[in-house]
Amino acid sequence: MPVITGIASLTHATVQSISFLSNPKFFEQLATTKAAAVMLPARALEHLPSQTPFLVVCCEDPYLLYSRLSQWFEKQRLAGLSRNIHPTAVIHESARIGNNVAIGPHVVIEENVQIGDGVTIGPACVIGRDCHIGAESLLHARVTFYADVRLGERCIIHSGAVLGADGFGFAPDATREPGGWSKIIQFGGVVLGNDVEVGANTTIDRGALDDTVIGNDVKLDNLIMLGHNVQIGDHTAMAGCVGIAGSTTIGKRCTIAGAAMLSGHITLGDDVHISGATSVMSDISKPGRYTGVFPMAEHTVWQKNAAVLLQLAQLRRRIRDLEKP
Amino acid sequence: MPVITGIASLTHATVQSISFLSNPKFFEQLATTKAAAVMLPARALEHLPSQTPFLVVCCEDPYLLYSRLSQWFEKQRLAGLSRNIHPTAVIHESARIGNNVAIGPHVVIEENVQIGDGVTIGPACVIGRDCHIGAESLLHARVTFYADVRLGERCIIHSGAVLGADGFGFAPDATREPGGWSKIIQFGGVVLGNDVEVGANTTIDRGALDDTVIGNDVKLDNLIMLGHNVQIGDHTAMAGCVGIAGSTTIGKRCTIAGAAMLSGHITLGDDVHISGATSVMSDISKPGRYTGVFPMAEHTVWQKNAAVLLQLAQLRRRIRDLEKP
Amino acid sequence: MPVITGIASLTHATVQSISFLSNPKFFEQLATTKAAAVMLPARALEHLPSQTPFLVVCCEDPYLLYSRLSQWFEKQRLAGLSRNIHPTAVIHESARIGNNVAIGPHVVIEENVQIGDGVTIGPACVIGRDCHIGAESLLHARVTFYADVRLGERCIIHSGAVLGADGFGFAPDATREPGGWSKIIQFGGVVLGNDVEVGANTTIDRGALDDTVIGNDVKLDNLIMLGHNVQIGDHTAMAGCVGIAGSTTIGKRCTIAGAAMLSGHITLGDDVHISGATSVMSDISKPGRYTGVFPMAEHTVWQKNAAVLLQLAQLRRRIRDLEKP
């Protein structure tokens, strides 16, 4: 029997791969996969070819088992890597660095930073003064923390993410010229819980006076924008390109699909699910799924419907007139 | 009487804080705040508790006063910091650096760059050839200027911002293969006025032949995209995730709310206000507020309405038929 | 006759400029331009002023000729620059570097990286282990490649772009707490063809198990997000702020206009054109243009129409009732 060296999809698996099946759509791939072993649910057993050439790993939740096994393989890989502090890193003498910390080339760490045990800081990261980074957290290359960011344990921050930049705050100031702006210095910080993941080039602004607060196990994809004083409950996940304006509060276990946009100063309760590209402009207290997307059509069809859309109020009046006895 | 050491919100204020009140919604917080002093408008005086334990700073515009005071506190903090040029910065010998300039670790400054007095350049910034940076401007960590960016005075540029990347210009070129593209080199630069703020990970492309031009006191939030040859008038402000396609011109004192998108080659006049998530596809000359957002609803409700939306032209015909005598 | 030293627009041209005209909208600018020469199509000849002071370069496709000439001028400029490897770059001893490669200050290149002949790597780039960079490719300042990114020849990657960050993959995991997530390690890489351009701060995630694959001559603007296992056909172009969710496949010669959003696990055929700000939630096999945008109006007009929109299903019922004999 071959040694299994990694995980692969059913179609790309080799005789050294373990694979998995959770979506019934892919049952037929079981007939042709070259995998040495396949994790699958009991309901898939009847779809197995009569001569199963692979080891069957029957389990309740193959997707979760796949996830755990992927983590196991990654842990083996990381264990083989050397961990050290690169001599080109510029680290302020007041910084307190834990045990078994790895710091890449060209990193900058400013005064009074605290870094927990087992933290990894990738090349070219910049960590501002007074930041805390919890144990076992991983910052990939080129992450920026402004001052006063406090990150929990086991977090993963991807390249290009910027935590703690100024919130967008200006007071109208017509004293010099009409339409002028006077900057409001942003004194708050950013606080993130444990097990948070922040995607590439995502930005989380610091609070104006109080902190911006991200709960435990919050998962943020790439190119997300969180304004100042946003608060996000535990386990909430957001897909790419989402924007949340300042001072909005989001509950626990919410999902916000890609490119959805939330106005500022609103509140979403727990277990609220927002569809992709939907604009949320007011509070939502009731759990459930909410959507607001103009349905796509061929351009000429869209043109006709869009033209009528701008006469809707008038159409309603015409219907009312027709309804009059 | 205690010494005031900082600004805080009414709810988080301590006996060493000054706070402010401008929104009548928060009048009731006056009864419980621990602040040593509160800036408030005359109309709030009647809402004061009978025994006011804090110093009342009555003023016409407490929000603007709060802004000014925040700047004063920040100025005190910055005055205490040392300013120098870090030895790991790589600065071309032809660069001209003003007085009292601070340059962080791992910065790169290319040939013929001019940096005005009192400028601060954060860690790991890259400043391309022939850039000018006006006096007292502040670049946070990891800002990139390509060649030929000219920045005014007192500007603030946040981490991850990229100014002067190539505009998106390609000529269709079917000489080798149908659908091919031929790159148009982008020779223009980017010119920004005084008092401009650019948010984290925002990108402003260089012009194709002429420059991209940003006026004075323009405020741009995070993750904004400005295409080549965009022109923006003084005092215009844009919230996060806004996109402006190439060669579009925007007037003075406009506001573009979050995630709004403007097509290319259009013109917005002065004092135009675009709501969040709105697509602007044609010129707007009349001042006012403009909106185009599909209203959100529970998903099942949305499904029903969206389905009818695709039959709107047909519905209008049916109404017309009904109206026939 | 003056020497031509560069390209300029008709309005900004000097006696040392060559200019071009392809849009009939600008015919009238021929009367006043100071250009020494103008590339124009045959149909423009009749619009020439009687005394043409400039050299006329009549050609079939002036826009394409302008593109080619812009590349020629750029090539001259680049030929004059020195090319070397900066001493502050940190390059792993196992990396294989081709001939005539330029590497800027503060670059980090990890183990087993292969860099082709004539490649330029701008300041502060980070190139992860096992990456390949094809000949003549150009990475501007501050680009990040995670491990396992394979880039073709003659590609251009702009500042702040992040290639190979983790795809957004989590298995629901309620074993510790309801709503919990278990990370799925992303083992796939990113493969890009030849002549690809990637805009500033755009992110392309690595695949979960198989690779994310970008075809030849694909052009991506700024702040685009491509999820894990996305596949894009040759010559497809996307404007700024587009988001493509995971496992979506896009054909050849498609165009996706600014801020359009595609759901995950869908397929677009060849020659499909998506309008700006349109959400695509299902497969499209038929070539053509597709649109789904709420038409903008003055805010008060929008309010009225949006209110009726939420009653559309009800309106249709009322029309049906009226139609009953």
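Order of writing sets the chain letters: A, B and C. Residues in each chain are counted from 1.
Here is the rule we go by: contacts are C-beta pairs under 8 Å (C-beta built on N, C-alpha and C of every residue); 3 or more make two chains touch, one makes a residue touch a chain.
For reference, the UniProt names are A, B, C = UDP-3-O-acylglucosamine N-acyltransferase.
None of these values were measured; they are calculated from a predicted model.
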item	value
Interface numbering overlap (same over half, different under half) for chain A and chain C	different
Superposition rotation for chain B onto chain C, Cα-based, multiple of 5°	120
Inter-centroid spacing, chain C versus chain A (mean Cα positions, whole Å)	23
Residues of chain C engaged with two or more neighbouring chains	88, 106, 124, 142, 160, 201, 223, 241, 259, 293-295, 297, 307, 309, 311-312, 315, 319, 322
Parts of chain C lying in touch with chain A, wherever the complex brings them together	88, 90, 106, 108, 124, 126, 128, 142, 144, 146, 160, 162, 165-166, 168, 170-173, 177-185, 187, 201, 203, 205, 209-210, 223, 225, 227, 241, 243, 245, 259, 261, 263, 275, 278-281, 288-295, 297, 301, 304-305, 307-309, 311-312, 315, 318-319, 322
Of chain A, residues touching chain C in the complex	6-9, 12, 61, 63-64, 66-68, 70-71, 73-74, 86, 88, 104-106, 122-124, 140-142, 156, 158-160, 195, 197, 199-201, 217, 219, 221-223, 234-235, 237, 239-241, 252-253, 258-259, 276-277, 293-299, 302-303, 306-307, 309-313, 315-316, 319, 322-323
